[in-house]
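Right after this note come the structures.
What follows is a pair of complexes built around chain A, which joins chain B in one and chain C in the other.
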Partner chain A sequence: MEFLRILRVMADATGIYNFSAGNLVMICFGILFIYFGIKKRYEPFLLVPLGIGAILVNIPGTGLMDVGGLLHFNYLGVEKVIYPPLIFLGVGAMTDFGPLIANPSTIILGAAAHIGIFIALVGAKLLGFTIKEAGAIGIIGGADGPMAIYVSTKLAPHLLGQVAVSAYSYMALLPLIQPPIMRLLVPRRERELAMEQLRPVSRREKIVFPIMMIILVNSLLPPIAPLISCLMLGNLIRESGVIERIADTLGGVFLDIVTVFIAVAIGSTMSAQNFVNLKTLEIVVLGLIAFCTGTAGGLLAARIMCKLSGGKINPLIGSAGIAAVPMAARVSHTVGIEDNPYNFLIMYAMGPNLAGVLGTAVAGGIMLTLLGVH
Partner chain B sequence: MQGIIPDTLSGALVLSAFDFVACFFVLWFFGLIINLLKRLG
Partner chain C sequence: MSENNRKTIASPVPGKVAEVKTKPGDQVKRGDLLLIVEAMKMYNRVLTPYDGVVREVAVSAGQKVNTSDPLVVIEV
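Our next item is the complex of A and B:
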């Protein structure tokens, strides 16, 4: 009898005994993320750790996400808004703002492609979310993971997991989401357009740019100072050319490591009790709507610019205004090269793509200010 | 600091419209400033 009781106690303590259907569903999602990362190679550095985080948190009894657990400590980096500025530091160190400096008119596409944020915001309000929750959901459309985490931490921390997972998942799935919209909204003759070569940008311009943006953006929108400051600091380290070792580390190994930490942290929010509910489904659908309408907004604005410039702008670069650096620019290039094998759009698309980062920051900063959050 | 946008559907519409238009203007302004960098070239 005693032996059976011991066996019973042992069985109760195993993960298998405590599994729920929700845990199994979320583990399947985790495996799906890993599959997309490894087999399909959709941003594996994001999806693989994200999937592992999702699997780990759904194995009952490990206590990894309890206070003092390994995943809980890791999650503090997200909750306390430590990782997003560090990611921006690395992104700044690996980003060449030259295409944006060379062709600043494309900066407008970074605003147009953010219409998705506001459509999702209004949609969320219609579904009964509070205005702060709606703002956090809308920012998914900014297609900027660190900014989505930053804004949702300030506006609706309880939705952080859903918002971050939606933002990162759709960013990784951009090669699936954007091309059909691009082919639908841009006629073939416009997709084939070749663009004029960009002017060379001097080192002096590239050094002044981050300093100028730190002063300008932080003065106009103080709530987003941590992110923009780190982005531009990383960029200044890169462009100064005098501390190449640090620039290479920040934009390489450092960024990779922080990305793994942040992706595992986001995955670890995907517990069945947090995620298996109607609100999650609504947020995921609204996020997809934000990405699709943002892509459409950027493309339509680029078509207007194409007409006004007499065909000097290939409208396919408009979809890159959604941010998601550099995935969205890569998608513009890939779709462009299908119709004209000599059309290399990647550098042209980087302009609106980088403008998208600034656009998300500006939209998020204005939203935080108007909603009285600092 | 207290937010000035009410937690209503019309509040969401006002926030969206204002933020979108402001985003356009701020980025356009950044574009103008960035354009000045050419002179440093």
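Our next item is the complex of A and C:
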């Protein structure tokens, strides 16, 4: 009898005995993320660690997400808003703002594609979320993971997991979400349009730009200073041209490492007890609406610019205005090349794409300022 | 051979040459793959818009290129 009791105690302590249906559902989502990452190659550097985080946190009894657990330590990088500025530092070092400087009119596309933020915000308010929660949900439409984390940490920390998972998942799934909307809203003859080559941007312009942005954006919207400052510091290191080794490291290895940490941390918020509820479903649906309407907003604005410019702008670059650098620009390029294999839209799409990053930062800054959060 | 018969294929994007898929003397047809340029973590396939013979390959794998840098010269 004693032996059976010991066996029973051992069985009670195993993960298998403590599994709930919710755990299994979330583990399936984790496996789905990994499948999309590896098999479909949809942003594997995001989806694979995200999926692993989701699986780990749903195996009962590991204590990985308890205080002192490995995943909990990692999650502090998100909760204490350490990872988002570090990601922006790497993104800045990787990014050539030349296309935006060469064609500043594409800022309009970055603004238009942010209509999704406000549609999701209004939708969330109508569903009964508080204004701060609605703001955090709306920012999913900015398609900017670090900014979504930053804003939701400030406005509605209890929704951080759902908001971050939605933002990162939809960013990774852009190649699935955007193309049908692009083909629906842009006729083939406009998708085939080749664009004129961008003017060359001088080194001086590229050095002045980050310094100017640090002073201008931080003066206008102080609450987003940590993100904008890091983004522009990384970019200044790149454009200075005198510390190439550091720029290469920040935009390469460093960014890859922090991306793995942040993606695992986001995945580790996907525990069954946090996620299996109606609120999560509402946030996920609102996030998808934000992405779709933002994409549509950018495309329609680009079609107007195409008409006004006499066909000099390929409207496919409009969808890149929702941010998600450089994934959204890559989708514009990929859809464009299907109809015209000689059409390289990637650098043209980087203009609205970068405008989208600044647009999300500005939208987040406005929300934080209006709601009195610092 | 006139210079007009020589067409230069330039890099459409700034990036790094990931792979060269042709060599001088190759007979190519419109739409054939010449090389792959990596830009923004994306492999961009550079195709020939002309039928002809490859006369010169101006780059090698691993080399950084800017937009408009000559990649391949084709005699049409």
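The criterion applied here is as follows: the second predicted complex is superposed on the first by the 374 of 374 C-alpha atoms of A that agree within 3 Å, B and C clash if a C-alpha of one lies under 4 Å from a C-alpha of the other, contacts with A are read in each partner's own complex, and residues count from 1 in each chain.
Quick note on the criterion: a contact is a pair of C-beta atoms (placed from the backbone, for glycine too) under 8 Å apart; a residue touches a chain by one contact, two chains touch by 3 or more.
Just so we're clear, the structure is a prediction, and the values are computed from it rather than from any experiment.
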Chain B and chain C placed together on chain A: clash or fit? fit
| said: In the overlaid three-chain picture, which partner chain does A:I211 touch, first (chain B) or second (chain C), both, or neither? | reply: neither
Return first, second, both or neither, reflecting whether A:S202 touches chain B, chain C, both chains, or no partner chain. first
Review point. Should A:M347 be classified as contacting the first partner (chain B), the second (chain C), both, or neither?
Key: second
- Message: Per the contact definition in the header, classify A:V285: touching chain B only (first), chain C only (second), both, or neither.
- Response: neither
Across chain A, the partner (chain B or chain C) reaching more residues is B
- prompt: Taking the superposition as given, does A:I108 touch the first partner, chain B, the second, chain C, both, or neither?
  reply: first
Exercise. Who does A:I59 touch here: chain B (first), chain C (second), both, or neither?
Worked result: neither
Based on the superposed arrangement, let me know which partner A:D96 touches: chain B (first), chain C (second), both, or neither?
-> second
Overlay on A puts the nearest Cα atoms of chain B and chain C apart, in Å, by 18
After superposition on chain A, the chain A residues reached by both chain B and chain C are none
The chain B residues in contact with chain A across the complex are 1-9, 11-13, 15-20, 22-24, 26-28, 30-35, 37-38, 40-41
Chain A residues touching chain B in their complex are 100-101, 104-105, 107-108, 110-112, 114-115, 117-119, 121-122, 124-126, 130-132, 134-135, 138, 201-202, 204-205, 208-209, 212-213, 216-217, 220-221, 355, 358-359, 362-363, 366-367, 370-374
In their shared complex, chain C is touched by residues of chain A numbered 96, 197-198, 326, 329-330, 333, 341-342, 344, 346-347, 350
Touching chain A in the complex, chain C uses residues 12-14, 31, 39-42, 44-45, 47, 49, 67-68
